[in-house]
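These notes concern the structure reproduced below.
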């Protein structure tokens, strides 16, 4: 996994989330809180895309070029599953 | 492409959409129209997943097992792109 | 409901969807089909927003300024429901 | 704002996010990380809905029953905006 970039982004999201918690504690205007939560979700989507891209370029290539048909099917099924879920969150 | 299943689903969506148009023409309650539009979007997500699954099990396997590195990269990049977009629509 | 704008947009979506059906019939490249489906979903989201905006400025105002507490609660509950669903489709 | 419930949920999300950071540090399988990120996004959507529901039942009612037309328009416009954005994240 391209760990450094992913980790850095997740830690930024963590800081952002802590800011949102503070906003709620300080009774910030609801809509501003919702907007910040939506910004966090956008950042998380980006992290997921980066992880997926890395996954495709490592595990997926290995599995598809390998001789284990079951493993190949499993790996491809997972891609469809996270794609399907990504539309729902 | 697993055409038959995809086509059947898209034609169902077309019928559903025509129903929504009729609802708007007949001044149906706004929230009920929005709910039907959301149902259509759910059905479209499902169609996209089916097309992607089929794509992974055909073009993607062929590209990854092939010798053209550029083609392989292109095909994997596309997966990340539609994944990223799926979170946005 | 601001019918004309909504209807026009929905009919554009219908034409777009018919184009996608043709693409599938003609065995267009899977990823291009998925991208067109995502474009349709984006257009449907826009239609939902327009309908919601109109709904807020008519029914919701009437209900909230009215004396029927139950009706007011119902109308507000619906907004939360379509908001919650919009994240899932 | 219904602070307690919202705060409790956000702190749970914070713990969840910290778990995901640990997963990345420990090189957990990519797809499992993506799934956890998607679970976090689902939880954040739920928090947004709760905040919106509370907002509708307080600020929005006050604004709509008030005499300031500009304020009323502003408050309703915001609802449409977060609704539109919710489909994009």
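Letters are used for the chains, namely A, B, C and D, taken in the order the chains are written, and counting of residues starts over at 1 for each.
The definition used in the following text is that contacts are C-beta pairs under 8 Å (C-beta built on N, C-alpha and C of every residue); 3 or more make two chains touch, one makes a residue touch a chain.
Bear in mind the structure is a predicted one, so any value in this text is a computation, not a measurement.
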Over-half contact-pair match to A-D, picked out of the listed pairs C-D, B-C or A-C = B-C
Interface residue identity across copies subunit B, subunit C - same or different by half = same
Where the CA atoms of subunit A average out and where those of subunit B average out, how many Å apart are those spots?
-> 21
Intercentroid distance (Cα basis), subunit C paired with subunit B, Å = 17
Intercentroid distance (Cα basis), subunit D paired with subunit B, Å = 26
Subunit D residues counted as touching two or more neighbouring chains | 45, 48, 52, 82, 86-89
Could you tell me which shape the graph of touching chains takes: line, ring, star, complete or other?
-> complete
Residues on subunit A engaged by subunit C in the complex (per definition of touch) | 87-89
Subunit D residues within the subunit C interface of the complex | 45-46, 48-49, 52-53, 56-57, 60-61, 64-65, 72, 76-77, 79-80, 82-84, 86-89
What residues of subunit D sit close enough to touch subunit A in their complex?
-> 1, 3, 6-7, 10-11, 13-14, 17-18, 20-21, 24-25, 27, 29-31, 33-35, 37-42, 44-45, 47-48, 51-52, 54-55, 59, 78, 82, 85-86, 88-89
